[in-house]
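In the two complexes that follow, subunit A is the common piece, with subunit B as its partner first and subunit C second.
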Partner chain A sequence: MRRFFSAGRPPGRRWRNERRLIAALFLGPAALTVLVLVAYPMAHTLWLSLHDTSTGAFVGLANYGRMFSTEETRRAILNNIVWVVVAPTLVTVLGLMLAVLTQRVRWSTALKTILFMPMAISFLAVGVTFRLVYDEDPERGALNAALVAVHDAFSPPSRYYGVAPRDGTGLVPADGGYETADPVPASEPVAMPVVGLPRDRIPSEAAPASRPEAGVELRGVVWLDFTRGGGGEAGEIDATEVGLPGMRVEAVRDGQVVATTTTDASGRFVFPGLTEGDYIVRLAATNFTEPFRGVTWLGPRLVTPAVIGTYIWIWAGFAMILIQAGLAGLPRDVLEAARADGASDWQILRRVTVPLVWPILVVVLVTLSINVLKIFDLLYVLPPDSVQDEANVVALEMYRVSFGGGLDYGLGSALAVLLFLLVLPPMLFTIRRRRRERL
Partner chain B sequence: MPRSARAAAAAVALLVLGACTVATPGAADPTLGDLRGRTLHVLATWSGTEQENFRAVLDEFERRTHATVQYTSGGTDLAVLLNSQIAGGQPPHIAFIPQPGVVAELARRGVLVPLRGAAAEAVRRNFSQTWQDLGTVDGQLYGLYFKVANKSAIWYRADAFEEAGVTPPSTWDELLDVSRTLVEAGITPMAIGGADGWMLTDWFENAYLRIAGPERYDALARHEIPWTDPTVVETLTLLADYWRTPRYVHGGAAGGTQVTFTQAVAEVFGSRPSCAMLFAADFVTVEINALDRVTVGEGARFFPWPSIDGSPPAVVVAGDQAVALRDTPETHALMTFLASPEAAQIMASRGGFLSVNRNLDPAYYPDDVTRALAAAVTDTPLLRFDLSDLTPQAFGGGSSAHMWVLLQNFLADGMSPAEVAQRLEEAASRDFKDDG
Partner chain C sequence: MTSQRNAPSASPVSLLEPMPVPELEPAGTAVRIPPRPSLLKRLVAILGSGAARVFVIAIGLFWLFPTLGLAVASLRSAADNSASGWWTALTAPSQLTLDNYAALLSNERITGSLWNTVLIAVPSTALVLALGALGAYALAWLDFRGRDLIFVLAVALTIVPVQVALIPDAAVFRALGIFGDIPAVILFHVAFGLPFAVFLLRNYFLGLPEDMIEAARADGASEFTVFRRVALPFAWPALGSLALFQFLWVWNDLLVALVFGFNNPPITYAIREQTRAFASNIDVIAPGALISMAVPLILFFTFQRYFLRSMLDGALK
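Now for the complex of A and B:
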């Protein structure tokens, strides 16, 4: 510098002052902005984190102590660790796979555009959308609707799920079905009143129930013992009550099923040939198989994996594009040499491609790690309030304690400081890398 | 027909009111004063239709006084916005705060302006002692309850009750009978929007008021008795017995915490209803109307929360309390106007609004259901404010508040009543201490 000055004009005090002034003029606005918008809030956050919010008294590190002692915050920190370990890795691996694979398909540009598109949607909108995708009710949740459709294709629910015998009519639960509490003699018709079938699930072929005609074989009737609009007598076949056709009925003797039959349109059944002795009559469990209702994605146990899944959906395309840029810069001759040497695709990927794009993978991984540490919006909108405790991360907990109810800015600021400290290592790593690259 | 007669009376009254304001163009209302050139800032949670309706009230005030009123909707984060405005030295003139706990806190911080003069007089003239007391902190009158909510109504689908052949229950045992009969008819009795924690605190409060009585209710709200009190455990047991009975609750107990309030409304009053009953405050009528499947008062009706073990009729209420934050003439003028039956009339006639102004003619309410809901609040011998709103915010006042979350866990996880009572007590001792 000094040499530069001496080469030009003689170094004068005025000239130096002038240069300082110009520098200050140009730097000033930016420096002021940084001071006001970055340095001051940071200092103030630090100050807040050392003070009690309601009294304003200095409390030292008490807020930091509380941070690690309350259950909610501990859970948030733990969840953040899970996020940092799992999410960036999965996104990078998936991005690499997509980058390699999309090179080989014909409509690769179109495909890449589609894969990249989630990045164009705001996280808030993604959160709201996936709340619907993950909804537990298959009527609303797309994912569960698909699961239920697949499940029902292989094992459909029974016709009479949800149906149970009327109380106090001598029928007791047995192996998922219902049976007579005591053995009944074959000569006496068995009345099996059941309730709980919604109107829209009454089979169309169901006919009015009637008592079976007297006979010598074991027989009985299964009917829906509920008169619409009320007024029916419990355990009696009333005028408008219908039989339940197609119900599987078993006759049991000494714990062994000795005969099986099915009810007719008016709910009657007969066991041909069973004329002697006493039997327990059972409505088989297969009549009552409950429908599969899907998975509680946003329940306490699956909520974190579910939200991470959404995160991957958003970022995989981004990782793919970055890695693809790296792949495009690979020296062709190396790949061709490997191929000429007879390496398989898998070997090329593992021994040639990955080591060559490794620097890019590290950049993607570090960028995503910083991003994941700060994750907030997805977790704010996606999980229902009831599982926010289980889905909690540090940034969300920071918002919840500061603004969500307690207005505890002290604890919130302490969490913000923690978050800052957590982001530091990957940030420093990136800066160091940049510097090295420049050298 | 009394109904049409009342409607006609309301129409006439409105015309007269309109005529009065039209007849005096230019001249300001003498009781409120001429406030030309003055601007007021008002902050409340209302948005959408409620905001429009409230704007009509403010418009009338502007017409009478020539002042300008700027309304800001704080949404659910009202407390945050208000606190930052206070911290910035620019509080609104008037804020409508739903939590009495927050009002008390602000009053003790010296941020609020006590009501005096014409405004205080108007409150005393138009509001019963109960409501004056609810607006009083340490012997000073600060707030007036402009809008209240009746939180003791259980809504039901009339055709579901008809199909099962049941009538609205008046006792808890009858409610159990009705629920059992509905299950027998193949209809899920109850929808619970447990994903929204306040749905569950409302359950608790109504049951607790009936089981423990008003004295213990007040004591619990102030944390003078612990949450491990036998009455709390008894209440939680009663709720658990209902919530956990198979097929009583839509989606089962655990599934109940996945359903939001709006989804629960749709389960009962939507296009493919699956349930017969929904316990929700009167503002559910707005949601029912939005679904546009059944008419409130015909397909959708309500019965008061049933009596438990012979408890007398009781109503749990909530409400938005108007408080003054700046000591100016225009603030007092608007407070005076808000306390008047005229202000309540404007909003009442537009629906979705209950007032406890005792000089408001019920004829102004748009329908019989609203009238009945309002009458339940004004006529009940036993009235208590929503307990969770009386507690510190960290305990009862938000989506991460301990009482909300613990009741959600109670519904979802099958915790024992004693255990959840223990956890509530732990949280309460922490939150009440922080607050004190």
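Now for the complex of A and C:
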């Protein structure tokens, strides 16, 4: 115990009063601010949460009941649970991975700087940044552009999506493709006029359409029955109309595909060997598959995972640096001994490293779970207004019902109290740790 | 006073620098020449470090990519941004223009909000430091009844989420006639910054050698002089760390500004307004967000050493 007057001044009443006055002068401004703006409001919020704030009547726990029965608030609470379970875990695991993998890499300091940088940026700026990343249109959104590029590399897109047969020409939809309404005899060439292909998607090798040459095998032509500037006749091959090359055509008999072929540059096709009988001729569905356009990241279904992804981007560096500091403090001889005993890298990680840095992992997890519970800005900026109901969390809902047009202070106060109660356990853990370490 | 030199190891440890680990052999250890590793082992090591290097570069690029995108987008016209992705500008640099920034700087709503951010962040930080240091000093070195209880309460208050106070404080500020104005935003930030500041600084002040305080008092220095000439210089690393954290916290804040600062919106608020029509306002949003990031990033690169420490302490706020 440090004695204020241990420097030899005599204790006395006057001196004691002066001491109190000095302490009050030092502590007073801070204490007054906190009392008026933090301590008293806590009590007032608790009081408000038990009242109907429009009439002032005491309503007991009715606001809390509404909190768990209203669709939006229930959604917010459930989302918060998902957040708390998923986000800190992913960040910690990623941080551990990065910390271990970059331990002996020379540029890891530069990497740490880069990974840690998002922590300096406001959630608002991060939200704006990731709006661009998550933009649904693959022409604009970087993530979808990358996904589409990868997807198309493995399964190239169909050339003729959006194309449909000319009305009244005897072609009907079938399994995503189009086929002749009735079986046609092999002896008669099949005319398959289609429309709906924008000019910029007409294949460069497409040649003017022409009637198939005479022959005995099942044959026909697929062409774009559209004359630019008008004037063409529906169902007829006019002078400027082009054939559609590379179209997959199937011959169907008794519901079975018996042969397939592909059109040439003029849109003509022939089924070698099919000389007799009647067939249904079908333009296969694979010609018309809509192209992959990426994923609607900020739509109702994926908005929470998408925002959690952004959260990981912000906090991974924090976790990595803390864990790496812990790794640097590990006793070397233990690791050396394990290695000398022939343990594999994976065994060392699982049996030696993780148990030794476990206390740090717990600190990271707890810190992040407190942070996640209070998250507001990111969810207020990143998801477009139309999906905020789906992205909702408690802190956001508290703002929305109290200030964002709702003015429902009773429900807002109940949500604030809930938030406080949720933060309490991890916070008590942290306070205990802080007192132990006297940080 | 020369207390700065006595600052103990409590000064922020830079966790960004790798820690040197001395390798000492006990005396009398025979000098061993390490056996030459087999060719296979060396090959694995080279490939392994190569893979790790590729991994590091890939991760680094992955993390830089979003911010790079924002930066490039801020240099393209709204028409370009709605027609194609920012990466097309990498092969067509003629798209890049400073027009957005020029327009932004003549946009009074935005420049005014940037100034509002400064007007909020600087006093908030200064007040938290001043009031926090005074209070922390009292809790560390003045002896009065209830001191320990007050400290425990301060620690407990660090856990309170701001949501708990939003509604009642709106009423308080309304009564004071400052609801919606900058003083309300400042006061709220100060009130919620203080418990943590007191907690941090009090513990730091306790590391001050008692002899120095007593010597100064015996010389007849007033308590305020002891505070100013002995305690404050001693605590500058903690004060710097706290200032950095508090400043960034306020600079980046959106929630408090939304509730209490609607008459004088800071930059975060002003940009959030624009995001309602994101695609058509991208020529304001992207450069605005980038300008609002500039100050935190400059601070980050200048004070990297303090930064981690302050984030670690403050992450719990």
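Simple rule for what comes next: the second predicted complex is superposed on the first by the 333 of 439 C-alpha atoms of A that agree within 3 Å, B and C clash if a C-alpha of one lies under 4 Å from a C-alpha of the other, contacts with A are read in each partner's own complex, and residues count from 1 in each chain.
Note that a residue touches a chain if its C-beta (ideal position, glycine included) is under 8 Å from a C-beta of that chain, and two chains touch if they have at least 3 such contacts.
All figures in this text were calculated on a predicted structure; none of them were measured in a lab.
Trainee: Is A:385 contacted by the first partner subunit B, the second partner subunit C, both or neither?
Mentor: both
Trainee: Quick one: classify A:129 as touching subunit B (first), subunit C (second), both or neither.
Mentor: second
Trainee: Have a look at where A:139 lands relative to subunit B and subunit C in the superposition and call it first, second, both or neither.
Mentor: Both partners, subunit B and subunit C.
Trainee: Where does A:423 make contact in the superposed view: on subunit B (first), on subunit C (second), on both, or on neither?
Mentor: The second partner, subunit C, only.
Trainee: Which partner does A:54 contact after superposing on A: first (subunit B), second (subunit C), both, neither?
Mentor: In the superposition, A:54 touches subunit B alone.
Trainee: In the superposed arrangement, which partner chain does A:168 touch: subunit B (first), subunit C (second), both, or neither?
Mentor: Neither subunit B nor subunit C is touched by A:168.
Trainee: Tell me which touches more residues of subunit A here: subunit C or subunit B.
Mentor: Touching more of subunit A: C.
Trainee: Touch check for A:196: first (subunit B), second (subunit C), both, or neither?
Mentor: Once the two structures are laid over each other on A, A:196 reaches subunit B alone.
Trainee: In the superposed arrangement, does A:403 touch subunit B (first), subunit C (second), both or neither?
Mentor: In the superposed model, A:403 contacts both subunit B and subunit C.
Trainee: A:255 contacts which: subunit B (first), subunit C (second), both, neither?
Mentor: Touch partners of A:255: none, neither subunit B nor subunit C.
Trainee: Overlap the subunit B and subunit C contact sets on subunit A and report the shared residues.
Mentor: 139-140, 384-385, 403
Trainee: Which bits of subunit B are touching subunit A when the two form their complex?
Mentor: 77, 79-80, 83, 162-166, 181, 183-187, 194-197, 247, 251, 254-255, 257-260, 263, 272, 392-394, 397-401, 404-405, 408-409, 412-413, 431, 434-435
Trainee: What residues of subunit A sit close enough to touch subunit B in their complex?
Mentor: 54, 72, 135-137, 139-140, 162, 166, 195-199, 201, 226-231, 296, 298-300, 384-389, 400-401, 403-408
Trainee: Write out the stretch or stretches of subunit C touching subunit A in their complex.
Mentor: Going through subunit C, the ones touching subunit A are 15-19, 21, 49, 52-53, 55-57, 59-60, 63-67, 69-70, 73, 81-87, 131-132, 134-135, 137-139, 141-144, 147, 150, 154-169, 172, 187-188, 190-192, 194-195, 198, 203, 210, 214, 217-218, 223, 227, 248, 251-255, 258-259, 268, 271-272, 275-276, 278, 285-286, 289-290, 292-293, 296-297, 299-300, 304, 307-308, 311-313, 315-316.
Trainee: Which subunit A residues qualify as touching subunit C in the complex?
Mentor: Where subunit A meets subunit C, its residues are 1-8, 19-20, 22-23, 26-27, 29-31, 33-34, 36-42, 44-45, 48, 98, 101-102, 104-125, 127-133, 139-142, 145, 313, 316-318, 321-322, 324-325, 328-329, 332, 367-368, 370-371, 373-374, 376-377, 380-381, 384-385, 395, 398-399, 402-403, 409, 412-413, 415-417, 419-420, 423-424, 427-428, 430-431, 434-435, 438-439.
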